[in-house]
Amino acid sequence: MSVTEAGREFVATGSREALLARFRRVRQASITMCRPLRAEDFRLQPIEEVSPPWWNLGHTSWFFVRNVLEPFGGRLVREDAQYDFLLNSYYASLGSRLPRSRRGSITRPTTEEIYRYRASVDQRVEDLLETVDPGHLDALSSVLAIGLEHEQQHQELFYTEIKVILAQNLRELRQPYRAVPEEERPVDAVDPLRFVDFAGGLLEFGHRGQGWCWDNELPVHKFYLAPFALANRLVTNAEYQEFLDDHGYDQQLLWLDNGWARLQGEGWHAPLYWERVDGCWWLWTLDGMRPLPPEEPVCHVSFYEADAFARWKSQTAACHRGVRLPTEREWEQAARSTLCEPQEDAFLESDRLHPACAKGGRSLAQMAGCLWQWTSSYYEPYPGYRPFLGVLAEYNGKFMDNQRVLRGGSCVTPREHFRVSYRNFWSAPTRFQFTGIRLVRSEE
Amino acid sequence: MSVTEAGREFVATGSREALLARFRRVRQASITMCRPLRAEDFRLQPIEEVSPPWWNLGHTSWFFVRNVLEPFGGRLVREDAQYDFLLNSYYASLGSRLPRSRRGSITRPTTEEIYRYRASVDQRVEDLLETVDPGHLDALSSVLAIGLEHEQQHQELFYTEIKVILAQNLRELRQPYRAVPEEERPVDAVDPLRFVDFAGGLLEFGHRGQGWCWDNELPVHKFYLAPFALANRLVTNAEYQEFLDDHGYDQQLLWLDNGWARLQGEGWHAPLYWERVDGCWWLWTLDGMRPLPPEEPVCHVSFYEADAFARWKSQTAACHRGVRLPTEREWEQAARSTLCEPQEDAFLESDRLHPACAKGGRSLAQMAGCLWQWTSSYYEPYPGYRPFLGVLAEYNGKFMDNQRVLRGGSCVTPREHFRVSYRNFWSAPTRFQFTGIRLVRSEE
Amino acid sequence: MSVTEAGREFVATGSREALLARFRRVRQASITMCRPLRAEDFRLQPIEEVSPPWWNLGHTSWFFVRNVLEPFGGRLVREDAQYDFLLNSYYASLGSRLPRSRRGSITRPTTEEIYRYRASVDQRVEDLLETVDPGHLDALSSVLAIGLEHEQQHQELFYTEIKVILAQNLRELRQPYRAVPEEERPVDAVDPLRFVDFAGGLLEFGHRGQGWCWDNELPVHKFYLAPFALANRLVTNAEYQEFLDDHGYDQQLLWLDNGWARLQGEGWHAPLYWERVDGCWWLWTLDGMRPLPPEEPVCHVSFYEADAFARWKSQTAACHRGVRLPTEREWEQAARSTLCEPQEDAFLESDRLHPACAKGGRSLAQMAGCLWQWTSSYYEPYPGYRPFLGVLAEYNGKFMDNQRVLRGGSCVTPREHFRVSYRNFWSAPTRFQFTGIRLVRSEE
Amino acid sequence: MSVTEAGREFVATGSREALLARFRRVRQASITMCRPLRAEDFRLQPIEEVSPPWWNLGHTSWFFVRNVLEPFGGRLVREDAQYDFLLNSYYASLGSRLPRSRRGSITRPTTEEIYRYRASVDQRVEDLLETVDPGHLDALSSVLAIGLEHEQQHQELFYTEIKVILAQNLRELRQPYRAVPEEERPVDAVDPLRFVDFAGGLLEFGHRGQGWCWDNELPVHKFYLAPFALANRLVTNAEYQEFLDDHGYDQQLLWLDNGWARLQGEGWHAPLYWERVDGCWWLWTLDGMRPLPPEEPVCHVSFYEADAFARWKSQTAACHRGVRLPTEREWEQAARSTLCEPQEDAFLESDRLHPACAKGGRSLAQMAGCLWQWTSSYYEPYPGYRPFLGVLAEYNGKFMDNQRVLRGGSCVTPREHFRVSYRNFWSAPTRFQFTGIRLVRSEE
């Protein structure tokens, strides 16, 4: 039994002990990240896309119940049935479920009950892992690994969701996710913008090697790339502010038609979390409100804003004529060619919870663990794509419609969760994720 | 300074001590009623009409800040300004405010902070009461009394709101407001339905005497009533179920046009909180789910349902030809003629939190403290109506549009809050209040 | 067979010839009024409340098919069945029907086919009238008379609907309903505003005498009125403009809560059809755009605007303290006391299609055939109200919810259709009818 | 002056006479196609996407006013300014415009006035063409040619729009676009389904040669295709009905998530225009209602339906494992390899107004002029894409978001308008266009 097809089955390698240790570590991380929250923060769903933290805690546990405990003969308890309707996200093959928009509209189970449920699931998974028939261990390990990858996705989501939740409050009553000492932040001198040439050609893309990956990163396939030059770093707040100051949000001709409609419908006039106070721009961060740091990469922009910015840049600066957003394969090719160690101020483990500046003159800075970078590519199946088998067939494939791929991981992505072939995806208007802009230029 | 006009000013009589004692008692009741709640229950706003409990606790305190502390020179603190925008309900003259629909969408102030704020307001009002210039005491007492009446209205609201909030949960996860011992409930034999004759004539209506009342109960005015006969008790669940069984919810011709549209739009097929489980009707109560008691008065019906029921009754039972809902003045005239002591199982003080059966053969049973009774009267100003002065002019007058009057008080109304001239009002589709049906019949 | 109950049956008196003559006259009027229209104007439904003219022509014919031809054995044709679903307005007892909002979204039957259908119905009704068994003639005449009253209501509606339809066009492309010679309009000197005293008392209201009336005008009943003083004329444009100039549309405290919400939701800033062009107010009329005539009565205001205007007037002018909108019985009592001949510039027959000024010093001017006058009274059943029997029970009763009564008839009401007891009714936000404001003042 | 960039400018070759002749022919075709309409049919906008015919006639004329007459010094008339706001579709650079949804909600200009306006524009364009400075003739010809291509797009749209408009009517009142003699339609024996192999490789795509094309067909670029096998014909009604009979519209797992939401929201249960009458499927066509012909290609399916059908087919028939929708470049490569003369029953000129069956054993049947065929490709700019210059930059580029490419032309496409590189595009839920399904299979 395996969720993946013959021929590309991923066996979670390593001993029971190693698997158990990873299980405990990842599961614990979800608990730890909720420590700073007040009871109120666990229940709010400010927009349909943002699930309240209690639900995240429950849903990631439910995933193990339905995909591990049930199929592999683990112990079940009454709450498994009671919470099933509430905690199923979108798996039609696992039965009916609470409409997504209603996750913030119930008060039972309480947060305390959800924590107890997590503990119960953890214990039962550990028991199962110890007692499972050795002949099923590989299969169990496979699904368990997926459950942990799934949980890490929700850990990243958590930071973006709690940022939205706390931002709902009146500015004067708003509290940061965590209280940080008010230290002097040195102004970083960022690397000047350069474009790094890549040769293109008929190349291979997708996940290579034996390690685990999502079904959407496969199969490896050929694709022809024309030569291109990728920006050495992300667009900064200062550069983006020039776009604002040039009335970029008022010039319809810079925008895709759908983007302009969204801009008008939602009253966009700056990136999400930019707030104008007494004539100055401030930024809402997980550490609270801060004056907008000009050197930091611009963050929380939609695809439409990234695209309009690139068009504006292409038209206004002669030296940037023809700049645009990269395709996902341009990004991947560049990343493969140059990626060495991510910067040490990258990924969730840096504990910054905020994107770091580009400095130190790397050939390509901020490629991993800083901000997800919008590509112009739609989230499409790779040629020959096959979904996971069984329940998990619903994990990726059915969402391959009208979404754009983002690459690179962000400052709230767990480092071990990331790969150079990793494909994140969101619909074009999305702004609450840690999303930034990297430009590319074609050879003319 | 007074909120009421010369000529009909109500002076809160009695000593500072008496006023202080009442202040403490009423304020404490709001705390006490929240004791059974879990942290989660304080923040939910399931529909726009239902405010979350934290907001009720805050708003009733804010009322004293803006109407007592500010105008009479009490001590102000930083939170007064910080919370003002959040806690103003609908007073345009007191500045801008959070849209009503967003009371469930913020997490600050926390519930704990709101409790602290209540305590601060209480202390400061008590301080003011002790130190106020004697020349202002009467005026202060007047407004303070209104603040307490206002708080009692929110206490009644609280019980109806928490009933909705808890009902949002899945049936198997739903918890009652309070856990009651599972005692055997004796089946009550209710009084048979009779109609009690009243003579009519050119009569006076409205609040008489020196006691305090809302502006909408005045002035006393003449009104001509034709003779009528009022039902001795409310309609029971058993009687209402006959309407259901006769397909009352499918017969368009029984319904007002707006009522039929609402029925279809919201899928009404029974009163709110009637739930069909395995072929039997159950009832959601503050004590949890119970099999539908046939002898109890039907509750949680909209005006449209009450009106359609009366029309059905009038058409199907020859002996009930011509029954309808009473006007508010028919109800008031009957109440004045016969009201003696309310039944001891009535009002909030009975601690039933649920309507009691009619038994014991009173001339008119269930007239006070059982259920609010829909009248056919619109909530209109009495001839010569004058709103309170100043801020409180917004309390009643501006809502006199497309609402119907209810009379009688309910099982969650504080007894001292009620008067025979009391006019409650809700829009016709409202179902989450404790609303019932009393019929009347005209002399032909 | 009769639509009205025993005891208050109206027999259409007169010979077959007289009835036939009236039938032809009323039916022809609906044709005549459509003559000025272009083909395009017949099909538009700009808002749900406004039916396109083709539908009006069809529906008024359908009324005779279902209420006259069918029950009395007239000849039926294929189109009767084919059009039935389309032309039924709201009679649940006559089967399913096209949702009201879709009357402008079909192209068949064509307007030409509808005209042919009208002619066919006319011929068949005339045939029936000639051949009907004398024993059924009275009953037939009764229903026929109702059909004609119904048609006259739609004739009035037509003028209000075509005014909306033509107003949809761009100002520079808009064409008037009829082209009138550009004559010099003399400025009228209007009667000064006065208040005429009425004594009140326990009085009788409702339709008296033997003539025909709608079921909602009955029964005659007693009602006590306190003394009051009614304005001698309607409020003028000049007087209403003072309200605008005093920022009446910006002062929330002047408005009912529902009215303020509507004002904000729909962006009201002046009466319907007032348009600001180059700093001056213009008025859209059935004769085209005209500079706002200050002496004419203000028209096309909602109940909310009328009510807010009265409140503003009451607060700003010491001499008008306590003015408000009249109740429908105050209006009726005043009208009965003083009504003689309507002014000659009144009603549809004057062919003005626009309200006339008050001049000539009548005791009470503009009481009939000028503008419908908002009263503060809800459209409620009179005590003891009984709907028509059978199908026509749906004509009035089910709409008695959240509507306000208007009295007086308008410049587009056929004179013979009007009575002093006539109760028109619209919901409070309605502005496309010919509605104006008359004030009243109570004795203090 | 030219709308296209240096280096890829298309000069409309040929004499003034040839251009004039084409101008007259294309413009006349728009008149001819409206001949069968009734006056009512010209004004209806049943859904926002469908413009009423009067608007199409006006808008295609307006296009010449703003892009030809104005820039090249043609004669202007008052109506040019008067209608400008109404007839601008989406050109932000040409000023403000009527919201798209309101094209069916005005009655002026009348249809007659629009016809007059067309004649005036035609005359003025012809005058300009005769008098224009020879130095500007090439530029003028370029834009004029675009105007005619634009008009041909609207001619195709017209047939799809009038099909929707007429379908709004009740089935028994519905009239076909044209009355055809009731001849016996021979049942066609369709070619059996086969898959034709193509080798793939690093190939070139986009418009080649000197002829005119839209900006979105350029530049020619390399793209790598893996080997594939394309179905020899379109999916038939009979084949699609198997999908229905297998409950394809009830199986959520077959559908993209967005597609399932749309299916549920709009109640899809069959292709558009399939109607169930007395247990049999009927089809609405421009020739009226016809029993569903099993051999004809299925038509009026959304991308979501096409995609779900392919997934179902892939899963249910072993011999069809791996079938899917083709990419646009797979389609183009196959078309280039095999396309010879289109079938004679293809394109608008065949006057079928309906897709023809595949018969006669062509290698690839129905590739051109039968139905637009959904591809899985998003409508993206080709690498190096440059929009037209000036106003016409808004023609294509800003719509390149969340739309899918369709290839092949349809039975209502003018033959001369089509090219093998032609890219049509619609959003995935679109059903009112003539859209069908062709399958492809990858080499495994």
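Lettered A, B, C and D in written order, each chain numbered from 1.
By definition in this document, a contact is a pair of C-beta atoms (placed from the backbone, for glycine too) under 8 Å apart; a residue touches a chain by one contact, two chains touch by 3 or more.
Predicted model, so just to flag it, every value in this text is computed and none were measured.
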| item | value |
| --- | --- |
| Longest centre-to-centre distance from subunit A, chain (CA-based) | C |
| Rounded Å distance between subunit C and subunit D, as computed from the means of their C-alpha atoms | 49 |
| Inter-chain centre distance, subunit B versus subunit C - centres from mean C-alpha coordinates, in Å | 38 |
| Graph class of chain-chain contacts, one of line, ring, star, complete, other | ring |
| Touch relationships between chains, expressed as pairs | A-B, A-D, B-C, C-D |
| Residue ranges of subunit C touching subunit B (in the complex, touch as defined) | 90, 92-93, 202, 221-224, 226, 252-253, 255-260, 376, 378, 380, 383-384, 393-394, 398-402, 428, 442 |
| Complex contacts: residues of subunit A adjacent to subunit B | 38-44, 46, 82, 85-86, 105-111, 165-166, 168-170, 172-175 |
